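Working notes for the structure below.
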Amino acid sequence: MQVNENKEFEPLIVAFCCNWCSYAGADLSGTNRLNYPTNVKIIRVPCSCRVNPMFILRAFQRGADGVILCGCHPGDCHYTSGNYFTRRRMTLLFSMLDFLGIERDRTRVEWVSAAEGAKFAATMNEFTEAVKKLGPNRRLEDLRCRKQ
Amino acid sequence: MLKISLDKLDELFEAISASQTLYIPADREDGSAEYRKYESGMKLSSALNTVRSAKDFFFPQTENLVDFKMEGKNIEVIDIRKESEDFVIFGVRACDARSFTILDKVFLAEPVDSYYKTRREHGTVVTMACTRPSETCFCGVFGIDATAPEGDAACWSDGESIFFEAHNDKGQKFIDSISSLLEEGDTAKLEETREKTRAILKKLPLAGLSTESFGGDRMMEHFNSEKWGELSESCLGCGTCTFVCPTCQCYDIKDFNTGHGIKRFRCWDSCMYSDFTKMAHGNPRLTQLERFRQRFMHKLVYFPANNNGEFGCVGCGRCLSKCPISMNIVKVMKALEVK
Amino acid sequence: MQEAMINRAKQLLADGTVNRVIGWKRGEFVYDVTPAIFETAEELDAEFVYDDFTAANVSKYLVKESRKEGKILAFLKPCDTYSFNQLTKEHRVVRDNVYIIGIPGGPKLDAEKIKAKGITGILGAKNDNGTLVIDTLYGEEKMPYYEALSTKCESCKSKKHVVYDELIGEDGDVLESNRFDMVEKLENMSAQERYDFWREQLSKCIRCNACRNVCPACTCEKCVFDNPDSGVENKAPADSFEENMFHIIRAFHVAGRCTDCGECSRVCPQNIPLHLLNRKFIKDINSLYGNYQAGEDTTSRAPLNDYKTDDCEASIVHERGVE
Amino acid sequence: MQRIGVFVCHCGTNIAATVDVKTVAETLGHEPGVVISQDYQYMCSESGQNLVKNAIKEHNLTGIVICSCSPRMHENTFRKAAAAAGLNPYLVEIANIREQCSWIHKDIATATDKAIILGKAAVAKVHLNAPLTAGESPVAKRALVIGGGIAGIQTALDIAEAGFDVDIVEKQPTIGGKMAQIDKTFPTLDCAACILTPKMVEASQNEHITIHSFSEVTDVKGFVGNFTVTIKKKARYVDETKCTGCGLCTEKCPMKKVPNEFNMGLDNRTAVYIPFAQAVPKVATIDPNYCMMLKNGKCGVCSKVCSVGAIDYKQQDRFIEQKYGAIVVATGFNPIKLDKYDEFAYNQCPDVVTSLELERLMNAAGPNGGTLLRPSDKTHPHKIVFVQCVGSRCDDSKGKPYCSKICCMYTAKHAMLIREKYPDTEVYVFYIDVRTPGKNFDEFYRRAVEQYNVHYIKGMVGKVTPRSDGKIDVQASDLLANEQLHIDADMVVLAAAIEPDKTARPLATMLTTQMDTNDFFTEAHPKLRPVESATAGIFLSGACQGPKDIPETVAQASAAAAKAIGLLVKNSITCNPCVAHSNELMCNGCSSCEKVCPYGAITYEDKEFRMPDRTTAIRRVASVNPAVCQGCGACTVACPSGAMDLNGFSNSQIMAEVDAICK
């Protein structure tokens, strides 16, 4: 979590992007100069199915306020089936987080193709706003990691 | 003997907690009890004892020791110890009270553990004599009298009132601090209750248990006993016995990287764990048998060997009721007993 | 029942079908039975017990035992057979080295439940049609039998043995159980209520690992939480996050593999209803990907190792009613 | 101790305009392990790369971080540069501060902060990078083509043309497949045999091509570059090497009442037979289900008449094992069975035929020597009704959800041919849509309508009822005129949907390739890798991948060949080093990883281990074949113990990035 001059809450968003579609999509929104907030920090993974639930919890522990996972559209996975597994894994994980009372809107899966630069930017703007509304992540943070 | 009527208990707690933090055994929704920081209206648990022992107060499960701050490539050491405040633990049972003297032998012996020491100094232990011991109790086996608990101050209930007695200055200070609420009382009924309890204690299924066969002089004999295999075969290697045990005192020290610094903390460890005392060369006890043996050898042989005969067990019976597979020190003692 | 089991075990030992028997051993008290391995008829006669308190699921021991010399006889309750099947499916046990006798489950009692009633000094307990009569140091106590049932038996999912070499007694059927009721109750709470509920529960965790070490699905050679290289290893929950982390990841790792045997909750010294986490996953899997009972067979594909191209999107979680 | 170099690129003003590159370089210079941090105008330029190379040598760096454009742009450039300077190329990490920072942000302060964080993440990651070396595995210079239809033949010819040995495995006694049964081809109306048979002969004569006819693939082991395949050569009771194909045996064989599958059972053949005149190989085959000699030891005529003594009643199935570098699947298609379609009376009335049967009826080499006669009474039909989409594009379980693609065109062809040859015959075509995309296709269809006056009626045939007078009552609806029609036809031709050959599914299992729900092979990527399967070294040719007409099939066949050749020309394949690997000491052998691997890269073996408790135990552990693994990482998450990890994107590396970003 970062707090800027006018002390407005600025959420920290971690975005896992698959190398073939979403990361390329993110590059495209760059190439097209489509803005989205600096709150979003992207981590490149070969495929969305590489993202272990532990990574997501880790992000929240360390102070992320929202985590979004982007991959190729179902059917377009570079590895044919990776994102199908991602979809099941994340559905169950998110459902469990929800079950534990952690705000739903802190997590999201979005399918962004390499051509959807606009969608990537839009998604990130929207997601950042949603998380901003929720305020800082307090339910799944590790107090020891909070910045003094 | 000074007493207070049971229905004035709330006033008593209010009074104590007014001057310092008070912890009492309170009931949980599931019927079990745990120590809680007293807040108005909180009731004293009727349960015999708490699931977790009282050792947490002096030897918490996790404890931050020191911090390191990292600026780029520089590291600075930060002492995070705060001036700790006085507190009272009320209603400690005889077994747990004895466990403190055992922990003292470990932590107050040179080199003194300053963290433990400060807590010990600031804490006042007010014990409460047992009236309804359970089948799992065997404190008597280790020379503990459940009807005459140790501690800085002790108290007894006769069903109507609670009677107080100081065992040392700290205890006396405590009683003085609440003397306004206390009155002289007749202990006749109390004696009755204690008699009843003593009678029960004699009848306890484990009363007959003997420590004869144990102690330092039988070290190799027990160490090499072929019984360990059978005893440990069903052990899951979990840490339940260790963590509910009032006398287990092993811990591990770890560094946690918070991203903007390092927190060095210690936390309970269990000799039942596969990575217990793991060193550069690896792990000294590779099989569950060895780990299992270590725990009981420590309590029944090594500890007395190093502490002139004092055993590392107080017979609180927690491991008896909590072990997932019901293997426990009593079964071990019976199996290893030398006829 | 116990007699029949002992006799059959003796025969199988005698005719050399097996050289060991895994079952339960009489304890100090009426309730503290211990899983144990018996090698002789004498041992069986002396110590083998099967009664209201033999709740422990012995299937996990077979991971090690089935790799030893010779065949071992295992008495498995219906719920235990699911665990065993799942272990077979994951190549964790050697099926051929185990001779399985399916035995009727019958509800098991939990001494903790009796003690929770404030009954101490338990010396004996018997079921007097519907009433549990407990002999204690302080005289006789009575309580409804069903109130002493082990949590896992309160909502039994099946009395059917999914794997066995022979049966003692009748085989039962899969039951209509109410096991998801509590999960549903929680789902219908507000996020805040759910959060408070789980904080209250998980803050009790002392990280003794009993739940993990007893779990027949947790048979990893090296658990991530014991492995310093995993980045998540820790020995004590130093922060509420680590309490959550441990139980979320543990539940996730057994998702689609957990047979809902209920051992985790049975052994938790702090009485945390851990089975609810596993049941949440089971409930979700059933409703989102079609009914699936882990351990029911040894061939089907685990839900998380499988997919359909038209599976629901993760957003389904966000679309749910109560927030 | 790590010695890391950080290099921040201005990219002219692309980055420098919105990111304070000096501050970025300065700040990252203070990160643990960083020994040098520089910024430069154009890091990717010759001089920029030299700057990096020199720094690597000068400070003998253990890893470098380039803060620049997207790794998708220049990762390789800098990896090469690192390699040139003697640093393992996989010790390079890129922080994307252009596409994902300077180009999307306006405020210099925040953009710079973000750039620093991205840089820190990259530094944190590179700390954990391990030097990787791409493995190599040899390539067997031989290809296997499964299926000897036009697809298989074309692929085989192209591969052979490139000078590689190639084997064709065909389950029928002859190659040629469906095309051999077809009379004429659209849109040119030239005779199928005239263009196919020369190719068949060419294949049989090509020194590089071996044809295993009447054979099947029974087992496939190995992976890209070295598959080991077992081929079953079914006993044909005739010695291929001796038989001259003179055909005397087939004339003399007393058993003449065997339904002739080549003519769709519209006439009979003998028990010993050669499917058709131009069969390749032109060798007789004895049908054990009908041969007297094989059934009850009486007869033996064929062996008596065979001058070369080729007949061998004792012949057994033979199995041969062969190594291949590449495998091309060309198992083709079949028309679906129409038993379920009682409404079209296919089973009741001999004059209701499928289009493929019509092909044979009209074929000069067919049962009627080319004159179109009704199967029932061998009379000349005057009214023929064609029914489209029988089993295609239907949502019920009877048929297929997809469009069979070829029907519209071949029906137009049939209609045209009939009108051409028998102008007195009226032709009706009932269709849902007429789909004629493709070069000269729509013109072709329009000719049928406009020049040949074929009656195209939009609407579906409801019921076909054979009448006692030999006519067939066709009840249909005309959707455009919106009226019910009754046509008393002499023949009805059903455009049956086509489906993949039944042998495809078991084959897919052997090849660990994927199939869709209709049993068509799934291509590695619908747009980018349409002729490759997801499994490396296995390529797709023809209708086994989806409905295709001949031109498309041949095109794809050559494309698949090109892909196979591209593989075969290599002496060895360098594998992507960023692949999964399992830590055997932690592996549970539970098979989760194997289940989620799309490439079948994970296998299990029982190994003996010295366990922590000093005992030795046999344990089942996973091992990843680096030549097959593509590095998606699905297995790493399926693995509960974390025994499976991914080079270049390890658990610890990704978590280090997370930590750095969340600091």
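Order of writing sets the labels: A, B, C and D. Residues in every chain begin at 1.
Going forward, a residue touches a chain if its C-beta (ideal position, glycine included) is under 8 Å from a C-beta of that chain, and two chains touch if they have at least 3 such contacts.
As the structure is a prediction and not an experimental result, all values here were calculated from the model.
Touching chain B and chain C together: A, D.
With A-D and C-D as the two chain pairs, more C-beta contacts join A-D.
Taking each chain's centre as the average of its CA atoms, chain A and chain C sit 36 Å apart.
Chain A and chain B, compared by their mean Cα positions, are separated by 46 Å. For chain D, residues touching at least two other chains, in rising order: 596, 638, 651, 655, 659, 662-663.
The residues of chain B that reach two or more other chains are 256, 259-260, 274, listed in rising order. Taken residue by residue, chain C touches two or more other chains at 224, 231, 238, 304-306, whereas all remaining positions touch fewer. In terms of which chains touch, the assembly is arranged so that all chains touch all other chains.
Chain C makes touch with chain A in their complex at residues 183, 186-187, 191-198, 224, 231-232, 238-242, 244-245, 248-249, 251-252, 255, 277, 280-281, 284-285, 288-289, 303-309, 311-318, 320, 323.
Across the complex, chain C is touched by residues 53-54, 57-58, 60-61, 74-75, 81, 84-85, 87-105, 108-109, 139-144 of chain A.
Contacts from chain B toward chain C in the complex involve residues 28, 30-32, 34, 46-48, 51-52, 61-62, 132-136, 200, 203-206, 230, 233-234, 236-240, 242-244, 252, 254, 256, 265, 267-270, 273-275, 320-322, 324-328, 330-331.
Those residues of chain A that touch chain B in the complex are listed here as 62-63, 142, 144-145, 147.
Interface residues of chain D facing chain A in the complex, by the touch rule stated above, are 70-73, 96, 98-101, 103-107, 110-111, 113-114, 117-118, 121, 514, 522, 524-526, 534, 578, 596, 598, 630-634, 636-638, 646, 649, 651, 654-655, 657-659, 661-663.
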